[in-house]
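Following this message is one structure expressed as structure tokens.
To keep things simple, chains are lettered A, B, C and D as they appear, and every chain counts its residues starting from 1.
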Amino acid sequence: MGAGYPECVSFVQGFAEAVAVNREYLTQLDAEIGDADHGINMDRGMRAVIPKVEALTDQDISGLFRTVAMALISTVGGASGPLYGTVFLQLSSSLKGKSEIELSDWAEAVLAAVTAVQARGKAEPGDKTMVDALLPAAQALREAADEGLALAEGLARATAAAHQGMEATIPLLARRGRASYLGERSQGHQDPGATSSWLLMQTAEAAFAKGN
Amino acid sequence: MGAGYPECVSFVQGFAEAVAVNREYLTQLDAEIGDADHGINMDRGMRAVIPKVEALTDQDISGLFRTVAMALISTVGGASGPLYGTVFLQLSSSLKGKSEIELSDWAEAVLAAVTAVQARGKAEPGDKTMVDALLPAAQALREAADEGLALAEGLARATAAAHQGMEATIPLLARRGRASYLGERSQGHQDPGATSSWLLMQTAEAAFAKGN
Amino acid sequence: MKKLINRPDDVVREELEGIAAAHSDRVKVSLDPYYVMRKDAPVQGKVAVVSGGGSGHEPMHGGFVGLGMLDAACPGEVFTSPTPDQILAATKAVSGGAGVLHIVKNYTGDILNFEMAADLAKEDGIQVEAVVTNDDVAVQDSLYTAGRRGVGVTVLAEKICGAAAEAGRPLGEVAELCRKVNANGRSMGMALTSCTVPAAGKPTFELGEDEMEIGIGIHGEPGRERRKLATADEIVEVLASTIVDDLPFKSNDQVLAFVNGMGGTPLIELYVVYRALDRFLKGRGIAIERNLVGSYITSLEMAGTSITLLRLDDELVRLWDAPVNTPGLRWGA
Amino acid sequence: MKKLINRPDDVVREELEGIAAAHSDRVKVSLDPYYVMRKDAPVQGKVAVVSGGGSGHEPMHGGFVGLGMLDAACPGEVFTSPTPDQILAATKAVSGGAGVLHIVKNYTGDILNFEMAADLAKEDGIQVEAVVTNDDVAVQDSLYTAGRRGVGVTVLAEKICGAAAEAGRPLGEVAELCRKVNANGRSMGMALTSCTVPAAGKPTFELGEDEMEIGIGIHGEPGRERRKLATADEIVEVLASTIVDDLPFKSNDQVLAFVNGMGGTPLIELYVVYRALDRFLKGRGIAIERNLVGSYITSLEMAGTSITLLRLDDELVRLWDAPVNTPGLRWGA
């Protein structure tokens, strides 16, 4: 049994809550190697998303993610606005027509989303960005789907992979985004965008895995 | 036996030293009810005075004090520059022609100096200014001279009177100078100018009373 | 103390050397004694406008020297009035035969030093008129005190009198105009932080994280009152209502609204303050005809703001709009 | 956090309302979405110059809208790039049929948002060229990084390109000119204190009483290196020699020297810095032909300075000298 429209809505709401709860934490991570606004940015964006999502009537998963994307793009700004906008835009187009998401659909959609983020932001794995959490998560989903695992299990692996990827950003030298200006001083700090991307995977798991 | 030219020079030098030693103290008093520069101002002035005084050759007391006055006026600025300049200008004219200062000369000169300061600055006794230290000192000198006391004793009384006048400024509400802008908040603080004026009387005593 | 300086004792001289290096197209700087003058001074037949005061208020006064504003400015040490010899030298240097106006902020030190200088200049045959600005409503005014401080209105008076002098008006009229500006202007300021006099090396006063000083001057002196930190709107309400009630400014008055930064406050905040002031004045029916937003009369790196209102008439508007070309204020040229 | 604001979330909107109230003679302000545009825009047949970026850098960019400089500026939240819809709306509003130049500082966020906006504008039939400024020598430049930040040169590029657009030059030329300014300009900055993002509520970094950050940007981000506090002369030596050696600027080069304050540094200190820079450049045989001293590209209330040098030729001098009439920069008008 896959995730339907209600699960997708609770994924989006769960992400908004996670971002709100971690607003200071994400901002503090960004203060260390950036400009102290990542939590503020994401929270502003997700707070704008919620009423838009609540106003939706037609139970369309693709439309839902498109709404999220447009709201993020027009309220977040910064690097994370277009990049998370791209994530949700790509989820929207990958999932067009679906009313239930199976593990293989989600794996494909997340992989396409990472690819789109890389196309926009030119970040390679290891550059200390959100890609370092998203790409391992997408790969874990892909492998889980290939192995024929249940949705819940695949999602759990994705969260674990994102978490590992996020933690692996700590020793990295930033090569993209604002942290790259710090050169060697960026080492020893966890990337804020990788952290919010881990939260994204975690909330997807929590929302989609209910009862799966 | 009165004070001669060498004693007057050591008075000026003593005042320069006293001001240097009390630079921070006077500045701190001014920080509380003024603009944190009285010690800096007086020290800048007296440092400029010393080489000018050392360059003098003609052993003339009046000329010495005039030199001090002109140096203070052209280097101190602020309220204290013209006011201490006025003090020394008046000492200079009161002591014109004298080669030794007796207690009655000094009493007359200091009284004339306070009067000149009041004419310039329009401060009345009790306005929380240097007048509150100088005027009691001048009056003590006058009385001591009238009583026929020795120079040393008269000077000691003047220092004590200046000290008392200085301390008496603490509860006063400032009505002249920068401290007056504070209104009631000026109460409870000792006036910086009254404090430097007490130092002036103290150094006069130390310099003139030697062996008297 | 964290400042971009070398030695505290050298700050004023080095600042003047910096001004000389940067603005030699418009000003000449004398280092002994200190003063800044228009490059083309003395302008023959023109009234010369001279001001001065302690340093630490930049761009005032040195930054206001140039066409349509000051002929010369005399900077003292930080927060210390200049000395008579400086003022005398500047007065002589810019005197073009039509007399010299001294614009003096009401501080004992400034008054006394300018008085001495004016006496000496008159002995040298130069006609001098002095006008004292005293626009700070935070200070109680009384015959028995030193009276109110001269603050923000000084900037406006220098601009307006400079324009009148440039237009060839005689000394008596320019001085009268200066008194008119002063009579129609009122100011009040507040601070979020203290400043540090370089030679003193530590902040003049200490303020808690949740405190502010209301009614400060421009010399790092404490204000009339310490209060709990408030919003920009509340602060403007306090400053502006005190100012408006004092003159008083009335409904249908036209004013120049000047929102000034104290040196450490960024422009973004000054616009938040201006917005509140605009609303406040609209509420009182007072029309802002002209405005000035920026850090023009400062107190070193103090964070805070002051508001100045000047009641305008056609003459003042015309003179305000006249060309000015100084490092600190420039338009129409 | 001590600021003259109301609620942290309202700072940008209220600032814009303040700008609208103060400068309605020259600009119009849109609050939904946020942008500031010339009052007389769109100017038919003229290339429009648009810039934008996070707020907190005032007067950049909103204060540079007006005759001879920007046609529109898009302010994001504090230190956060504006969104594509803002940039699109501003681009459409000022497009006068001759194309629009986007001047974009090199930050991932600015690049991405301006790119999206340009794509959308092109779909609407508007010709857009984007030029990226990246003048900060504190940042290592490499194909494999985000490259250098855009800082001080942006102000100069906006002035110079604005003048060229005003003179009627076509989009391709104005864009080429912008690339030329960027190619000939270099900057570096330092901080004595951190700043506090209003929504974050506490300083972005902590610095000891005897420490400074060298190689900072304009977003409160830490610099390349933390060092012991030094004198103004030593600081200038570090910044200026890194800048000069990078391009490199050579003996007999003519430059525009821009000494910028980071928002919390008073003018008196900037002149001490300018003096040191003037001496340093004289020592290298580099001639300062034009200069700019003041706080033009700031980082909220950060104390610190940045130096920008731009190699000049006759064309750049002419365009720099051309009239400009904006709230933040004005001459000849």
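What we mean here is this: contacts are C-beta pairs under 8 Å (C-beta built on N, C-alpha and C of every residue); 3 or more make two chains touch, one makes a residue touch a chain.
Keep in mind it's a predicted model, so treat the numbers as computed, not measured.
Taking the mean of C-alpha positions as each chain's centre, the chain lying farthest from the centre of chain C is A. Separation between the centroids of chain B and chain D, computed from CA atoms only, is 55 Å.
Spacing of chain C relative to chain D, judged by their CA centroids, is 29 angstrom. Distance between chain A and chain B, defined via averaged C-alpha coordinates, is recorded as 76 Å.
Annotation for chain D: no residues touch two or more other chains.
Multi-chain contact residues, meaning those touching two or more other chains, do not occur anywhere in chain B.
Arrangement of the chains shown, judged by which pairs touch: a linear chain-to-chain path with two open ends. Shown are all chain pairs that touch, namely A-D, B-C, C-D. Every residue of chain C that touches chain D in the complex is listed here, in rising order: 2-7, 11, 14-19, 21-22, 55-56, 58-59, 63, 192-193, 209, 212, 229, 231-233, 235, 263-275, 278, 288, 291, 293, 295, 298, 300-301, 303-305, 325, 327, 330-333.
Chain D contributes residues 33, 54, 76-85, 107-109, 112-113, 115-116, 136, 138-140, 144-146, 149, 197, 199-200, 204-205, 217, 219-222, 224-225 to its touches with chain A in the complex.
Listing the residues of chain B that touch chain C in their complex gives 27, 31-37, 40-41, 44, 73-83, 120-121, 175-178, 180-183, 185.
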